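You will see two complexes here that share chain A, one where it goes with chain B and one where it goes with chain C.
Our next item is the complex of A and B:
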């Protein structure tokens, strides 16, 4: 059991990236419209986030510096501030969506209007951030989030035509009913979700919260290479379920109830309850991840005292900023906006945040003043540069594709 | 690394490379601020530097309001400056370490104000997480 808990940080971080409320729906939408034709994007994203999260985690463990401290130090105040503004907006929009997502999951379980659940969900997120120890919050949400594996189980229970699924995945084509631009919009959205910047902010700050040092580098690698591939697997399983059940029936996914439909069909009420617990844990976990990331990025840019290993009064501005973020998120939800639609627009801010986040990590992972002998090898650097180019292309393409396709409509 | 404060044989620091935008930690490792700017003595802005003169020395680290002027330009009024005297610096590495507790510094007043007036008044604010 201790071994499983040792990788909780990696699992929780990946859940926030791959299967938060926006991605739960996006994965099912992609499966119901393109089959498994976009699986390759998830695989490319998993390799990318493993590469860079490993660098960010190693920098944190060896030098004791979390990612946004490095961003400020390497990029200076202006470019660092541009990244802070973009990353902060991504965090805030995602946090808003996750609180809404928790409310939607509770609605799925209880039938009660999500608006009534919103204040309760927000209070729950705050009280955990305020009072719970870091390892408690990561263990509980990470482990409960694992129940989403029910989507993979459901895929097997549905006994699909594996040959045709493999064909969709290995020889991707754009279906005749979809435009090429829409295909690429979803490709960029899936890649952006896999590489979303709050994952490295949370993972590197979590490494400091857990007190990782040079001797913990094995644990750090284990977290990266178990957590993120697992996140990718869950994301593919959700798309796979939708491809098997929803695609042939031409059911379009607009809400959570369609996302869980294949699970209910495959495994009945028991499987459905697992899926609901998993979605609740994943959205709650993602809400914690984005709330803490808002605090981490602000505190690290401005040099405030931060961390859940300190009592709140010893990290006052860190806690105050998170309270403000949660309140703003609730106010946004009370306008009646659709929480799932909110996350689609955060892809716009990724255009600024992605390159400005991953470049400084690559630079510092090569700096011997920080890293001593633990600098990047040649392979990691070569792959790192390749991924910077991919990130830059995806970032530049994001906004035109969003406008061109009307957010994938 | 130790810092010698001899005027003529001091440690040579590149402000841009070694100081600006690094974290400032106090004696106990608690973050105090980032280095938002540095105040250098021995030279006057706008006047040519005499090559024979002794090298300029750092007098203060500036924290707080300087960040806005470094992003948007201009100069803050002298009354708004929050200096941390260079004499308090005990080490310069990937972070700047101070030899004193952060609570003793005037520059930490915002954090103290938020802590005392808001965070400590919310139940649980003074307790360790459980």
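Our next item is the complex of A and C:
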């Protein structure tokens, strides 16, 4: 059990990237409209986030610097602030969506209107951020989030035509009912979700919270190479379930109840309860991840003391900024906005945040002053540059595609 | 004086010939003893003859990777040098003048043996 808990940080980080509320729905939408025709994007995203999260985690363990500290140091105040503004908006919009997502998951379990759950969900997030120890919060949400594996189990129980699924995945085509632009919009959305910047902010800051040092580099790698592929697997399983059950019936996914429909069909009430627990844990975990990331990025940019390893009074601005974020999130939700739609627009801010986040990580991972002998090898650098180009292209394409397709409508 | 008064300033020598742009400054920590560290003292300016942007840290480390980025930054800031603060004769808005006979120093920091 201790072994499993050792990778909890990686698992929780990946859950926030791959199966938070926006992605739960996006994955099911993609499955119900494109089958497994976008699985390759998830795989490209998993490789990219493994590469860069590993660099960020290594930099944190060896030099004791979290990602936003090196962003500020390498890019200077102006470009660093541009990144802060964009990343902060992504965090805030995602945090808003996750609180809404927790409320939607509670509605799924209880039938009570989600608006009534919002204050409770927000309070829950705050009290955990304020009181709970870091390893407790990552262990509980990470492990409970793993019950989302029920989607993979459901896929097997549905006994689909594996040949046709493999065909969709290996020879992707754009269905005749969809436009090429829509296909690429979802490709960019899935890639952006896989590499969303708060993952590296949270992972590198979590490494400092856990006190990782050079001797913990194996643990760091284990977290990366177990957590993120697992996140990718869950994401593909959700798309797969939708491809098998919802695609043939031409059901268009707009809500969480449709996301879990295939699970209920395959495994009945028991499987459905697992799925609900998983969704609740995943959205709650993602809410914690984005709340803490808001605090981490602000504190690391402005040089405030931060971290849950300090008592709140010793990191007052860090905690206060997170409280403000949660309150703003609740206020946004009370306007009646659809929490799931909120995350779609955070793709826009990724255009600025993604390149300005991953470039400094790559630069510092090459700096012997920080890294000593633990600098990047040639392979990591070559792949890092290739991914930087992919990130730039995706970032530049994101906004035109969003406008052109009306957010994938 | 704050840092942004210096960064981006145009640098001329004693004859008024343009020699570059201030892209960064170098501090040493050897001032009055403080609580944790001694106070920082401004040691010099990093002047780039061609580039105006940040050096992304390549001027002080021997980092050569990732190859395309390192090459590009080194080319952009070719001829970059450090002038000691004592060699600065005047600082004006957006303008820095150097003393006659100022010296151009290598901007690299000495090799580090510590493991970080």
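Methods note: the second predicted complex is superposed on the first by the 409 of 409 C-alpha atoms of A that agree within 3 Å, B and C clash if a C-alpha of one lies under 4 Å from a C-alpha of the other, contacts with A are read in each partner's own complex, and residues count from 1 in each chain.
As a convention for this text, a residue touches a chain if its C-beta (ideal position, glycine included) is under 8 Å from a C-beta of that chain, and two chains touch if they have at least 3 such contacts.
Keep in mind it's a predicted model, so treat the numbers as computed, not measured.
Once both complexes are superposed on chain A, the partners chain B and chain C clash.
In the superposed pair of complexes, A:224 makes contact with neither chain B nor chain C. Contact with neither chain B nor chain C is seen for A:105 once the two complexes are overlaid on the shared chain.
Look at A:19: by the touch rule set out above, it reaches neither chain B nor chain C.
Of the two partner chains placed by the overlay, neither chain B nor chain C lies in contact with A:36.
Legend: residue contacts after superposition of the two complexes on their common chain; A:381 is shown touching chain C, with no touch to chain B. Greater residue coverage of chain A by touch, when chain B is weighed against chain C, goes to B. In the superposition on chain A, A:370 makes contact with both chain B and chain C. When the two complexes are overlaid on their common chain A, residue A:63 makes contact with chain B and with chain C alike. Note on the superposed arrangement: chain B collides with the chain C stretch 27-35, while the other options among 27-35, 45-53 or 63-71 stay free of clashes.
Once both structures are placed on chain A, chain A residues 63, 73, 76, 369-370 are touched by chain B and, in the other complex, by chain C. Across the complex, chain A is touched by residues 54, 56-57, 60-70, 109, 112, 114-116 of chain C. Considering their complex, residues 62-63, 73-76, 79, 214, 362-364, 366-376, 378, 381-382, 384-385 of chain A touch chain C.
Those residues of chain B whose C-beta lies close enough to touch chain A in the complex are 20-24, 30-34, 36, 63, 67, 70-71, 93-95, 102, 110-112, 114-115, 118-120, 122, 124-130.
Remark: chain A residues 63, 65, 69, 72-73, 76-78, 80-81, 130-134, 136, 299, 301-306, 308-314, 316-317, 319-320, 369-370 touch chain B in the complex.
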